[in-house]
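By letter and in written order, the chains are A, B and C; residue numbering begins at 1 in each of them.
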Amino acid sequence: MEWISTLLQGLLLGGVYSLFAIGLSLVFGVMRLVNIAHGDLIVLASFTSYVVVQALGVGPLMSLVIVLPTFFLFGYLVQLLVLNRTLGDDMLPPMIVTFGLSIVIQNALFDVFTADNRKLNLGPIETASFRLGNDIAIGIYPLAVFAIAIATIVALQALFYNTKLGREFRATSDDAEAARMMGINTKRVFAVATGIGMVVIAIAGVLMGVRTTFDPFSGPVRLLFAFEAVIIGGLGSIWGTLFGGIVLGLAQAIGGQIDPQFQIMTGHIVFLVVLLLRPTGFFPKVQH
Amino acid sequence: MTNQTYIVARATTASKAALVIMVSCVVVLLLVPLTGDRGSMRLIVEICYFLALAQMWNLLAGYAGLLSVGQQAFSGFGGYMLFAFVVYGGLSPLISLPLAGILAGIVSLPVAILMFRLSGPYFAIGTWVTAEVFKLVFFEIPLGGGSGMSLPIQAIRDISPTTEGRELIIYLTALAIAVGSVALVYSMLRSRFGLALTAVRDNERASASVGIDSFRLKLGVFVTVAAFTGMVGALIFLQKLRISPGSAFDVMEWSAGIIFIVVIGGIGRIEGPFVGVAVYFLLRETTANYGAWYMILLGLLAIVIMLFARQGLWGFLAERYRLTVFPIERRVRTVEPVEKAKPSNGISDTAISNLSLPPF
Amino acid sequence: MSTIETKGLTAYYGDFQALFGVDIILRDGETTAIIGANGAGKSTVMKAITGLIKTSPEMVFIDGAPCGGREAHTAIASGIAMVPEGRRLFPSLTVEENLLLGAHCARKGPWTLERVYEVFPGLKERRRLSGTALSGGQQQMVAIGRALMSNPTSLLCDEISLGLAPVIIEDLYRNIAKLKEEGLSIVIVEQDLVRAVSVADRVYCLMEGRVSLEGRADEMSLAAIRNAYFGV
């Protein structure tokens, strides 16, 4: 029974990781850009929500009303003004620019907020749970996060396959030059894609900020989990990303059950084993 | 046309002048201990190992195209191996230094084979994950665990009975490692190995068609760099006398810092790390009172460089004023048919007929 | 409606110079063939006209207005549509989505999804397939249909017969001739010079980045064209 409970927790944790990973996967899918600042942006979203909560006295969920549009705009502008200039055959510039962004965000947050742990408070719902049989308790909040992760994937799927914008995303992803010939302003498409990626990042940041504590330097760990979920699932596949997140969540939960010290390590090891045995992940869509 | 001879020249007047300046610099640095200024000596040791790490990352990323964000795995591992050799093997720290490097080279082999399945930015993050695994492993094994360990007093006395003597030995070792790193990269790039590396960097497929095995070539670079990085790591923690997983595998200091140094100075040029290290220490020492601000400035500078002068500060100057300190490029020029291809000033001219591709 | 003109057009790929001062006029309502061997610079001229490679403004004119080096995605709005070399359908999009994408920035005009399906029979049944699941000839039809969906005044066709069977090429060129009757300006870029010259009003021959011959198609002898093409 203890094990079933562990597996359920791992599954729900996987939902959080897929939420981390979706933004990374989306931006990579449309413009082949790997954003090293991804994890730090998740943390930045947590801090932004924290500030909004402190300043306006609203709850973290209400803060999304401000955080989401802010992040969309931020992503749109960063892509349009900075990242678009780095895209090309050379992989170094986008990597260094996002790495630079990562270091700037970490240290700026440290400068303003110090290295203290913070948390977003949602009240009693955080610890509420319902029972399944006699021994298994499922947390309502983790379940809600998992549901939001799936809802996000469904929404993005609908956006990609049922809208004019989604058609532009896919065409640009296939062949950006040909898309330009069809009259598509690919720079704007990239900016919108990053904007949407940032909205997902903001959702992940706020939801995770309620679940666990964060500090200015917790970004890299979030990036690595997101990255592992994307690679396990297979590049470019959004449902694969959910799968990858769940595999990672389960691995960590099982490892943590054996010995709390092993939790993170088990996740990394499962990732390396997948890399060894199945380097393209389970549902690859894009060639490396 | 048929009788035309080509000669391949590498040295320039500027590079010869630069060599003289470099040698003088090393001589001056050798004289610093006579002043007895221990603060400066410690700073120079630090500059030396940052330069060596930067040279290694430059060789890896700038010449072999392997954008690793996980080199802290090898510097940290090297540091730990030094402690292991000293504490459990009873070896002297100075002998442990190269041994730690060799071990780092050996563990880098399986890492490389796994990581080479990833390319570009995925390789970058994959190596980062590997370094995290190294860190987590050292949390668990009996080398101090999470809280780390110190070098025993006895071992420290082994180096030299006095603090001054120990600092002098570490100073000289650091100087040797810095000079060694530059010499290693320089000689590697001037050899056939370097020629093959440049060929792969410029066009991997075309170079494969002339028989260059790019996998083995990159593997060779990766392992060499890991070994040297491990040795530098051993020196770093020999100077610090303490090691812990958090400090040994710190991505910020040993990866981000180093990468920015190389990029700001000029990636793919031996001169780049020199300029980058200068910028790094200038920023760090002048903003010492403002906490993390030097990292913010460093990050911003790296972004600006990537957007407006991808060749880095040195590359920008070199292209403008045609400077080369380390002549590793080969300039082909034609010579009148009658005249024999006589090496103008001796040191580095090769007739093109002697130039064949290396056996990789 | 629109006359496209290049004046002293030069273009570089890195250090390599691909065009050395090319002057070409694509007159309104005419069909122009640009022929030349592989690497003569034909596609580069097309890319310069659409803005896919950067040139200075005074190298390309549309109706007398300098517009070299503008963003490529604005070409559609000025009535220039491209059928790119190698077709370049979007594999993640269905046939219908490929066609609809062509209409994203469309001008007003006669071309609709229904009309494309009418002109190119066989596409309608396959409209839900991925564009790349079709035969080469059908893919080429999708590529042409996609360009027409933007209701262009000038249609630039880059090597549309490459890799297709003769019967299918025949069919494609019959369609091109029909489009010409509707008043569309058409540019045919071809290596197959006989084919191109047979439908063209004017012919430009490029050799090593320069115009080696130009004139009205009906006034040219095949021998002169061969000479300009091969440079013998």
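Heads up, the rule we're going with is that a contact is a pair of C-beta atoms (placed from the backbone, for glycine too) under 8 Å apart; a residue touches a chain by one contact, two chains touch by 3 or more.
Keep in mind it's a predicted model, so treat the numbers as computed, not measured.
Taken chain by chain, the contacts run in an open path, each chain touching the next and the two ends left apart. In this structure, the chain pairs A-B and A-C differ in their number of contacting C-beta pairs, and the larger number is found at A-B. The mean-CA centres of chain B and chain C are about 52 angstrom from one another, to the nearest whole unit. The mean-CA centres of chain A and chain B are about 34 angstrom from one another, to the nearest whole unit. Centre to centre, using the average C-alpha position, chain A and chain C are separated by 43 Å. None of the residues of chain A touches two or more other chains. Across the complex, chain B meets chain A through its residues 61, 67, 69, 114, 117-122, 124-126, 128-130, 132-133, 136-137, 139-140, 251-252, 256, 259-260, 263, 267, 291-293, 295-296, 298-300, 302-303, 305-307, 310.
For chain A in complex with chain B, the touching residues are 34, 36, 82, 85-86, 90-97, 99-104, 106-108, 110-111, 220, 223-224, 227-228, 231, 261, 264-265, 268-269, 271-272, 275-276, 279, 288. Those residues of chain A that touch chain C in the shared complex are 164, 167-168, 170-171, 173-175, 177-186. Listing the residues of chain C that touch chain A in their complex gives 50, 52, 71-77, 82, 84, 88, 90-93, 97, 100-102, 104-106, 146, 150.
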